[in-house]
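Note that the chains are named A, B, C and D in the order they appear, and that numbering of residues resets to 1 at the start of each chain.
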Amino acid sequence: MSGMRASGRKAEKVNPMIHANWTVTILEAVLVFLILYKIFSARRGKELYIRKIPGLNAIDEAVGRATEMGRPMLFSPGLSGLGLPTLQALAILKHITSAAAKYRTRIIVPTADSVVYTIAEEISKDAYSAQGVPEHFNPEDVRFLSDDQFAYASGVVGILNRENVASNFMFGNFFAESLILAETGHQVGAIQVAGTPQITQIPFFITAADYTIIGDEFYAASAYLSREPTLLGSLVGQDYAKAALILIMAAGIVTATLLAIHPAWAAWLDWLKWLKP
Amino acid sequence: MFTGWLIKPGAPQWLWALGVLGDFLIFGSALFLLLQLVPVRYRKALVVIITFLAGLIYSVEFFVPADPKTGKNFLTGLIEQVADATNVVYAFALGLGIYSLFRFHGRNLARKRSGWHNSSAFFIAFFAMMLAGFWHDLRPSAMSRNTYNMLFDGIVAALGATMFSIVGFFIVSAAYRAFRIRSAEATLMLTAAFIVMLGQVPIGAYITSSLPTAGLGSLFKLENVSYWILNEPNMAAWRAIAFGIEVGALAMALRTWLSLERGSFFEREL
Amino acid sequence: MVNELFSWLSNSHITGTIGIWLAAFGTLAIYSILYKENPVYRLAEHIFIGAAAGYGVYMTWAQILKPLWWDKITGGQWYWVLALVTGSMFYFIYSQRYMWISRIIFGALLGLVSGSAFKGFAGINIDRIYASFKPVYGPGMGLGDILNNAIFIVVLLTVMAYFFFSFEHRSAARRMPSSIGRWVLMFAFGAIFGSTVMARMSLLIGRIYFLLHDWFHIAS
Amino acid sequence: MSVFEKLQHIDRRVTYLLLVAVIAAPLIWRLRLPIVVSPAVRGAYDAVESIPDDKIAVISIFWASGTIAENQPQTEALVRHMFLRDKKFAILAFDPQGNKFSYDSAARISKEMGKEYGKDWVHWGYRPSANFVPLLQALPHDVQGAIGKDYRGTPVAEIPMMQGIEKIDDIGLIAEVTPSQTLEVWIAFIYGPYRTPLIYAPTAVMAPEGFNPLDAGQIEGMLIGLKGAAEYEHLLNRQDFATRAAGALSTSHILIIALIVAGNIGYISSRRRRLQS
């Protein structure tokens, strides 16, 4: 797939786990159960509360502004090939193209991966057909630009400048080019909404974009925008899963503290080693 | 067909190419005809099943305990093949990307739209770089290597490094504009950035170089403060964000695998 | 004429010099965007995208298709032809009627991506969960460790609290952890920003040094 | 517009020009900014000094053109130091670009200092990074067998300085110059079992990877990015690229800080004025 991207810093170290042990199996089973349970209970029609995420409300505002000004929008789904962050980006793209099709506002989608390009084209075509205006879809607006990180950046910079873009959306995996895109968007006066699971790039979006979706608000986006019961349920399930992680860590902290005070209790408190990688 | 029986290893490359083409046509048409037999109402189900089965390969391989002697289970051999196959299949999609580029720039040229000369520059650069690559690979000589190096160093590497270095300019303008003490949040961000920036450069180390190198005073040396920020509070915050992101990704994976993500990508009936 | 060209191309000194001039002009052309968008930048952009695409085609062949596919077929593993058949399914997106065939390959890729998530989740998170079991107090611990661990725990919990979406934070006391979390986040983002500046400046310095030294021959 | 308002709205083009000026100046003219040598760099320097005469050093190259500004000066400073003290060394590249860059650098310095290829130094050529771990597993038992041929295609067994270099015990130091997470692998496969001294020369953003091993004594020293290379040059009493670049690093950071301060002075004063009026 696509090669290494220059990103600057790597996250904490990643230990490639080859096969699951029992602890991992049980932990993941619990998390999966919590998420699926909430999805299915939401599908049965349970009302769910989701807090406000200001950055995501801004998406509709940005679409509205481009429509009023009669200028195009740009959506960049990030640099990565087909992976989970890109899938989420494409789900957000679907929401935005549907709005674009509804208001007949032009949206340009430059991509950095052939497969992502293919799916993005399909999503856009689909969205225009669903709104009953398939003839408004311009296949040239969904483009493959380059799978080279900085050639892609140079192309998006060119489009942002030349097409007089009014709203710039950046969702997906971004690396060192995040600031190039966001700062150029700012310079051309576009209203910008951005979100990425790449933690190193979030600060650059915060400084240069108007609205930044932080951390796992990125994965909450499609639920928040579509209000689909499945997705809302999943979002609540994710909260429960995170709560489970917090409980495990709290128990671990208490145990570690007790062990530090009374090393002799190790015989009773050795559950910690189950999680030892 | 051809490649399996008729053409044996050692045959000339062009014969292999013909054989691959022939096999592709035979197998491709067979699969195509087979797929026509699938009734329209089962198409969606077929896609759902294939998605689920594909997901099973990696997940079952991960969860089934491995033979302690070899470190492998019954699927480990298969996933190595699947990983290669995925890479190969993915690589064939590059043609679509190239098609997209050619369609866009080709139309620019054909209709003499404004900027058409840029599109011709695109084509020239594309073919020059591609041919130089194959030339130096297939017919290595001083000439082909020089040409390849000239184009690679002079265009791809140089423009890439330049585009990358533009971040240096933009970091200055973004920091200047955004780091104002407008709110508590902005002030916190500014403070951390300020300390870490100073702690990383020689001049920062110089400012506090009069502090002792050991003991309590050394804690306040700028480079140590900056190191502490990066390794204690920053690491904890990073870990907390990452937990959320990872759980979000896991949920996304689950929904995709089980095709619960209805309406997230496609709506049109098949 | 052709012979002259060939003899130039055989001389690494000449091609090296041409390469440096190409690179220097390209560098200046790209930097011209900093002033404003202009025809020179546009030309450099198109050349860059073209060359990168050409390079991409060559690299896809040299690094993926040749070793993983072609060499296997010509080595006797004929069934790798099926990878080409599978890959061709992408191309049905351009047909209204057979578009659904492309969904099969999308489905398979989505399945593979999601199936490997369990492994990815475990590899990334198990170590980190374990590493988070930090004692808050112990007789053998120095004041520094105790403080650091306490800060670690507060930061971890408050930031995670910020990312809860479905719990209503009505009362101020309930809201407190998540607002502390948000402040901590901003502080952390500031630190990430600050720590990236040096690396980016190094690149820019490298580029300016190239122009001054390799091309202009000052700053030696 | 008052001075304070002007301070708040400096045109970005002006800031870019200032940036080019403050970077170019120390590169063109000698600008003696103070350099403080950190203990980590001192440790690396001392480790090179104490390589036994009957052992060789290995410089491992993982970098490519993307991080040349940081990793090349590190490589060159190490090479220069080894030539200066007559320590024999071998370069081993895991990146095709780094392979060429490192050979060119070492050959240039070798010529400049009157050293001879094959007698004072050798380049073991390039191995794909996929072979990194297998090579590290094979190297300790049979250096010449694991390496095979050098950069120029000569069997290493025929190279004068490689005579008697057979096992890991004949290697006195390993220097890892890298932009990626490769240190752990060296620690796991070489330092762990054989206690061969290691020094680490990462890019600035990767430096956090090194603090833990440094603290644990698994690495002797560390050169952090361009700054580390400059400190190393300072110890060698030289003022090469890194020293000048370190000046430029300092000046560019001072510029950013000055601009932030100026912007805030403008902001505070104009706000105060608005409150008064």
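Quick note on the criterion: a contact is a pair of C-beta atoms (placed from the backbone, for glycine too) under 8 Å apart; a residue touches a chain by one contact, two chains touch by 3 or more.
Here the structure is a predicted model, which is why all the values come from computation and not from measurement.
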Key: Remotest chain, chain C as reference, centres from CA atoms   = D
Chain pair with the higher count of C-beta pairs in contact (B-D, A-C) = A-C
Most central chain, judged by mean C-alpha position against the global CA mean = C
Message = With centres defined as the mean C-alpha position, give me the chain A-chain C separation in Å.
response = 15
Query = Could you state the distance in Å from the CA-based centre of chain B to that of chain D?
reply = 26
Request  = Please compute the C-alpha centroid of chain C, do the same for chain D, then give the distance between them in whole Å.
outcome  = 22
Query = Approximately how many whole Å separate the CA-defined centres of chain A and chain D?
reply = 35
Query = Mind pulling the chain A residues that touch 2 or more other chains?
reply = 6, 8-9, 12-13, 20, 28, 82, 84, 87, 115, 118-119, 122, 145, 147-148, 150-151, 154, 176, 199, 203-204, 206-207, 214-216, 220, 235, 238, 242, 245
Ask   = Taking each residue of chain B in turn, which ones touch at least two of the other chains?
value = 62-63, 86-87, 90, 93-98, 101, 156-157, 159-161, 163-164, 166-169, 171, 173, 175, 177, 179, 189-190, 194, 197, 200-201, 230, 235, 238-239, 241-244, 249-250, 252-254, 256, 266
Query = If you look at chain D, which of its residues touch at least two other chains?
reply = 12, 16, 19, 66, 68, 204-205, 208, 227, 249, 252-253, 256
Request  = Using the touch definition up top, name the residues of chain C that touch chain B in the complex.
outcome  = 6, 9-12, 15-16, 18-23, 26-27, 30-31, 33-34, 42-62, 64-65, 68-70, 73-76, 78-88, 90-91, 93, 99-101, 103-122, 124-125, 128, 132, 148, 151-153, 155-157, 159-160, 163, 181-198, 200-201, 203-204, 206-207
Note = Contacts from chain D onto chain B in the complex sit at residues 10, 12, 15-16, 19, 33-36, 38-39, 65-66, 68, 204, 208, 211, 227, 230-231, 246, 249-250, 252-257, 259-260, 263-264, 267-268
Inquiry  = Using the touch definition from the top, list the residues of chain C that touch chain D in their complex.
reply    = 34-35, 195-199, 201-209, 212-213, 218-219
In the complex with chain B, residue positions of chain A that touch it = 1, 6, 11-12, 18-20, 25, 28, 31-32, 35-36, 39, 81-82, 84-85, 87-88, 90-91, 94, 111, 113-115, 117-119, 122-123, 126-127, 129-130, 139-140, 142-145, 147-151, 153-154, 176-177, 179-180, 182-183, 186, 197, 199, 203-204, 206-208, 214-216, 218-220, 222, 226, 228, 230-231, 234-235, 237-238, 241-242, 245
Key: Contact footprint of chain D on chain B as seen in their complex   = 157, 160-161, 164, 168-169, 171-173, 175-177, 179-182, 190, 194, 197-198, 200-206, 209, 213, 223, 227, 230-231
